[in-house]
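Two complexes, one shared chain (subunit A), two partners (subunit B, subunit C).
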Partner chain A sequence: MSGYMAGVLAILGINVIFAYGIYLTAAAGQLNLGGAGFQAIGAYAAAILSVELGFGIVSTIVLATLAGALIGFLIAFPILRTRGVYMVLATFAFAEVVVGIILNSDTLGGAMGMIMFDYIETPAVLWTAAGVVAFVFYLMSTPIGLAMRAVHDDEPVADLMGVNNRAIQVAAFASGGALAGLSGALYAFYFGFVEVQYFNAFLSIFVLLYVLIGGTQTAWGPLIGAAFFTLIPEALRIGEDWRFLIFGVLIVLMMIVRPEGIVTRDAIDRIVARLMPGDRRA
Partner chain B sequence: MLLEVDGLDLRYGATHAVKGVSLNVAEGEIVTVLGANGAGKSSLLKAIAGAVRPGAGTIRFDGKDITGRGAAARVRAGLMLVPEGRQIFVSLTVEENLLIGGYTRSDAEIARDVEAVFDRFPNLAARRGALASVLSGGEQQMLAVGRALLSKPRLMMLDEPSLGLSPILVDQLFGLIGDLNRQGLSILLVEQNTHMALEIAARGYVLELGALVAEGTAAELGADPRLAEAYLGATDDAA
Partner chain C sequence: MLIVQQILNGIMLGGIYVGVAVAFTLTIGILNFLNFTIPVLFMLSGMIGWSLSFYGLPFGLSEPLGWLPSLGIGIICAILASLVVERFTYRYFKAKHGDATEHAIPLVSSLGFLLIFEYMVLIAHGSDPRGFHTPFGDLDLRFAGLVISIPQILSLVVSLAIVAGLSMLLRRTQLGRALRATAENPDAAVLMGIEVNRIVPVVFVLTGLLCGLAGALFAVNYGEVSPYMGDQVGTKAIAGMVIGGLGSVWGAIAGGLIVGLTETLSIHFFGATSAQITVWGLLLVLLLFRPKGLFGHNAIGKGKF
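Moving on, here comes the complex of A and B:
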C-alpha cells in the first residue's frame, strides 16, 4: 500500500466514523450541523489525555469517545427545545462556541494547536471504522434502532406506540457525539497534531452532506456518502482548478436525481429482489 | 368498568375542545362516540391515549387513575389508539410497523404475534418486507389495526377508521372490529359513519362542540329524532 493510498484510506475511515456520528442523530430525525464541534472535542480530549496526562493510546481513545458522548448528552437538552431550522442553527452555534473556546485557550494551544507524541497507523483506523459500521448496523436492527426510525417518521404516532421520543433523541445525540468524538481522537493520533482551524464550519457542512446525500433511511447511507465524498475529490485531482466545480455540480445533480440520498430502502429492496428472486420482499 | 372518564376538559389555546365529558366502557363492550367534525371526538381519544394533557378531569383504566401517566404507561396497561388517517410509518416496512406496535412489550412472543397478525391479514403477509407506503388505503388501515394489536391491548380506540375507504372495505373493517370484539377486545369507536357505528356498538355518546349532548344504547340513539336530524341524517347524505 503506497503512502498516498494509506493516507486516503485513513481519512476515509475517520470520515466514515464521523458520518455515523451525524447519522445517528439524523436517523432519529434531527439535523446536527455541529459535527466539527463534536469532532474537535474528541481530538482535543485525546490531545490533553495523551500529551498532558500521559494516558495510553487505547484508554485515551475510549475516554475521548466518552467525552463526546457526555457533551452530546448535555447539549441534547437545550438543543431539543428547538425545532427544524432552529435546531440546525443551534447545533451550528454549538460548534462555533467549541472552536471559539479552543482558539482562546492557552492550555489547548490556541491557534497553534497541539502536537501528539503517540501515533496510530492506517490499519488501526480501518479496523475501528469496521467496528463502528458493524455496531451501527446492529443498533439499527434492534428495537432502539426501530424506535429511532419511527421517531424520525412521525413523532406524535411514535409517542402513541409508547416510544419515549425524548429519551430516544437524547440517546441519539449522545451516541452520535460519542462517534464524532471517536473520529476526532483517531484524527489526532493519525495526523499527530490537532489545530482548531481544521474543525471549521465547512467540516460540519461536509459531514452532514455525507449523511444526507448518502441517505438516512438505512445504515448504508453514511458509508456510501462518506466514501463518495472522500474518494471522488481524490479521483478528481487531475484538474485541480475544476475539481470543486465538478464536485459541486455532482452534488446538485445528486440532489435532483436522488433527493432521499444515494441509498434508499426502495433501492435495497430492488437489489435484494434481483439477487434473491424467490425472496418474499416486494 | 374498564375505562372511566370523568369530567374531562381540554383546551388548545383559545379553543375549548372538550368540555367536561364523562363516559365509560365496560369490559368486552363496543362503545361509539358520534358527532360532527370539530365536535372534539379526536381530542377526547388523544387525551385518553395520553397524547395530550387534559386541563381537568380524571381517566381511570381498570380501576387505576392514569390521568397523570404518559402514553407509554397507558399502552403497557392495555390502552391503544388507532389514530385518524391510519398514520402508519411510511419509511418502515410492513413488518417493522407491526414490531413498533409491540415496542413496550418485553416478552418473547412478539414474533409469534406478528405471525398471528399476518395470518389474519394475508395481504399484509405478502408484502411484509415492503415499505408500508406502497400499501393501499385499505391495507394501511388493516396495518394500523394490526400494529395496535401487537401491543396486546385490552381496549382499542379507533379514530374514524372508515375514513376514505370504499364501501366494501368499510364492511370488511367493521367485520374485523366485530371479530376482535368477540375475541374479547373492548372497543371505543369514533366514527362519522353513524349508521355502521350504531349497528356494531352497544352504546354511544354524542358530542357537540366539545360537550356531551346525548348518550344511550345504540337503539335509543338511532331512534332519537333530534339526533337523526342533527347528525345521523347528515351522514346519510354523505354516504
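Moving on, here comes the complex of A and C:
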C-alpha cells in the first residue's frame, strides 16, 4: 500500500466514523450542524490526556470518546428545548462556542494548536471504522434502532406507541457525540497535531452533507456518502478550487436525481429482491 | 468617550448584518427554507462590483466602470443568481415532492450553490482581499470627540429604510397580503386564488436585492471586498436572525444590531477573538430561556426538517 493510498484510506476511515456520529442524531430526526464542535472536543481531549497527562493511546481514545458522549448528553437537554431550524442553528452555535473557547485558551494552544507525541497508523483507523460500522448496523437492527426510526418519521405517533421520545433523542445525541469524539481522537493521533482552524463551520456542513446525501433511511447512507465524497475528489485530480466547485454541482444534481439520498430503504429492498428471488421479505 | 464610540461602531456594524438577517428571516418566514446561498449573494454583489470597477465589463466591452454603476450591476447579478437558486432548489422540489420542506432537500441544495458560487469567484479572482475605492473613502463626521464615518451613517439609514419599506410592503399591499397568506398556509393560499408559483420568485428577488444591497454597502463602508466576505457576515446575520426570532422582520433588525453591538463591545473588552464566544454563547443562553427568540412567531421555523 503506497503512502498516498494509506493517507486517503485513513481520512476515509475518520470521515466514516464522524459521519456515523452525525447519522445517529439524524436517524432520530435531529439535524446536527455542530459536528465540528464534537470532533474538536474529541481531538483536544485526546491531546490533553495524551500529552499533558501521559495516558496511553488506547485509554486516551476511550476517554476522548466518553468525553464526546458526556458533552453530547449534557448539550442535548438545552438543545432539545428548541425545534426545527432553531435546533439546527443551536447545534451550529454550540460548535462556534467550542471553537471560540479553544481559540481563546492558552492551555489548549490557542491558534497554535497542540502537537501529539504518540501516533497511530492507517490499519488501526480502518479497524476502528469497521467496528463502528458494524456497531451502527447492529444498533439500527435492535428495538432501539426501530424506536429511533419511529421518532424520525413521526414523533406524536411514536409517543403514542410507547416510545420514550426524549430518552431516544438524548441517547442519539450522546452516542453521536461519542462517535464524533472518537473520530476527533483518531484524527489527532493520525496527523500528530490538532489545530483549531480545521474544525470550522465548513467541516460541520460537509459532514452533514455526507449523511444527507448518502441517505438517512438506512445505515448504509453515511458509509456510501462519506466514501463518495472522500474518494471522488481524490479521483478528480484537478485543482482544489475546481474540486469544490464540482462538489457543489454534484450536490445540486444529486438532490434533483435522488433527493432522499443515494441509498434508500426502497433501493435496498429491490436489490435484495433481485439477488434472492425467493426471499419475500421485500 | 471611548465606550460611546464603540457602541456607535457596533450599531454601524449591526446595520450591515440587518440587511442580510432580514433576507434570512424572510425566506424562513414565508417558505420555511433556511437559504444558505444568502452569504454568497452578499459576496457576489461586492466582488462583481469590484471586478467591474477594476476591469470593466467582460470581454473588453468597456473601460473600468465607476463605483456606482459597478455596484448597481453587482446588485442585479445577486438578484439573478438568487433566481437561479430558486429555479434549481425550491421550485423544482416543490413541484416534484409536494411539501419538500419535510425533507432537508432545499437546504442541502442551497449548500451546493454556496460552494458553486464561492468557488466560481475564487477560480476567477483568487482568494486575496481587494481594495474598493469610493470618492468618500475617509469622509468623517467629528462631533464632541466622536468619529462617525458618513458612508456608515448612510448605509445604516439605507438598510433601515429598505427594511421599513419591506415591512410596509408586507403589511399594506396586495402582494404583501399574498406573501403573508403563503407563509401561513400555502395550500389554503392556492385555494384563495393566490398563484403561489408566482409568489415564490418574488421572495427570491427580495432576497437577492437585500443581500446585494448589503454587499454593496459593505464594499463602500470598509473599502475592501473578498471571496470570503460573506462567510463571517452571513453567520453573524444568522445569529442575529435567531436572536430576534425567525420570521420577524423587526426581530431581525433588533437581532442584527444586538449582534453588532455584542461583537464590538466584546472585542473592546476581551480581545479580538472573543466575539465568537460571546455572540454564539448569547444565542445559546437566549434559546435556553426563549426557544423562539425575542420576537419570534410561535409557529415559524419549528416544523420538522
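Operating definition for what follows: the second predicted complex is superposed on the first by the 278 of 282 C-alpha atoms of A that agree within 3 Å, B and C clash if a C-alpha of one lies under 4 Å from a C-alpha of the other, contacts with A are read in each partner's own complex, and residues count from 1 in each chain.
Keep in mind that, in the parts below, a residue touches a chain if its C-beta (ideal position, glycine included) is under 8 Å from a C-beta of that chain, and two chains touch if they have at least 3 such contacts.
Because the structure is predicted, anything quoted here is derived from the model rather than measured.
Participant: Once the two structures are overlaid on subunit A, check if subunit B and subunit C clash or fit side by side.
Facilitator: Fit.
Participant: For A:Gly192 in the superposed arrangement: first (subunit B), second (subunit C), both or neither?
Facilitator: neither
Participant: Touch test for A:Gly131: subunit B only (first), subunit C only (second), both, or neither?
Facilitator: neither
Participant: Angle subunit B-subunit A-subunit C between C-alpha centres, in steps of 10 degrees?
Facilitator: The three centres form an angle at subunit A of 90 degrees.
Participant: Is A:Pro123 touching the first partner subunit B, the second partner subunit C, both, or neither of them?
Facilitator: Touch partners of A:Pro123: none, neither subunit B nor subunit C.
Participant: Does subunit C touch more residues of subunit A than subunit B does, or is it the other way round?
Facilitator: The partner making contact with more of subunit A's residues is C.
Participant: With both complexes overlaid on chain A, does A:Phe94 touch subunit B (first), subunit C (second), both or neither?
Facilitator: The answer is second: A:Phe94 touches subunit C but not subunit B.
Participant: Based on the superposed arrangement, let me know which partner A:Gly56 touches: subunit B (first), subunit C (second), both, or neither?
Facilitator: neither
Participant: For A:Gln217, select first, second, both or neither according to whether it touches subunit B, subunit C, the two together, or no partner.
Facilitator: Once the two structures are laid over each other on A, A:Gln217 reaches subunit B alone.
Participant: Could you tell me if A:Ala147 is touching subunit B, subunit C, both of them or neither one (first, second, both, neither)?
Facilitator: The first partner, subunit B, only.
Participant: Figure out whether A:Pro156 sits in contact with subunit B (first) or subunit C (second), or with both, or with neither.
Facilitator: first
Participant: By how many Å are the closest C-alpha atoms of subunit B and subunit C apart after the superposition?
Facilitator: Shortest inter-chain C-alpha distance (subunit B to subunit C): 13 Å.
Participant: With the touch criterion stated at the top, can you tell me which subunit A residues are shared between the subunit B interface and the subunit C interface?
Facilitator: none
Participant: So in the complex, which bits of subunit B are touching subunit A?
Facilitator: Answer in residue numbers: 49, 51, 70-72, 75-76, 80-81, 83, 87, 89-93, 96, 99-101, 103-104, 126-131, 134, 147, 151.
Participant: What does subunit A use to touch subunit C in their complex?
Facilitator: 29, 31, 78, 81-86, 88-90, 92-94, 96-97, 99-101, 103-104, 111, 155, 201, 205, 209, 212-213, 239, 241-242, 244-245, 247-252, 255-256, 259-260
Participant: Enumerate the contact residues on subunit A facing subunit B in the complex.
Facilitator: Per the touch definition, subunit A meets subunit B at residues 143, 146-147, 149-150, 152-154, 156-164, 217, 265-266, 269, 279-282.
Participant: Can you check the complex and tell me which residues of subunit C touch subunit A?
Facilitator: 28, 32, 34, 88-89, 92-93, 96-97, 100, 103-105, 108-109, 111-116, 118-120, 122-123, 231, 235, 238-239, 242, 246, 271, 273-274, 276-277, 279-281, 283-284, 287-288, 291-293, 301-305
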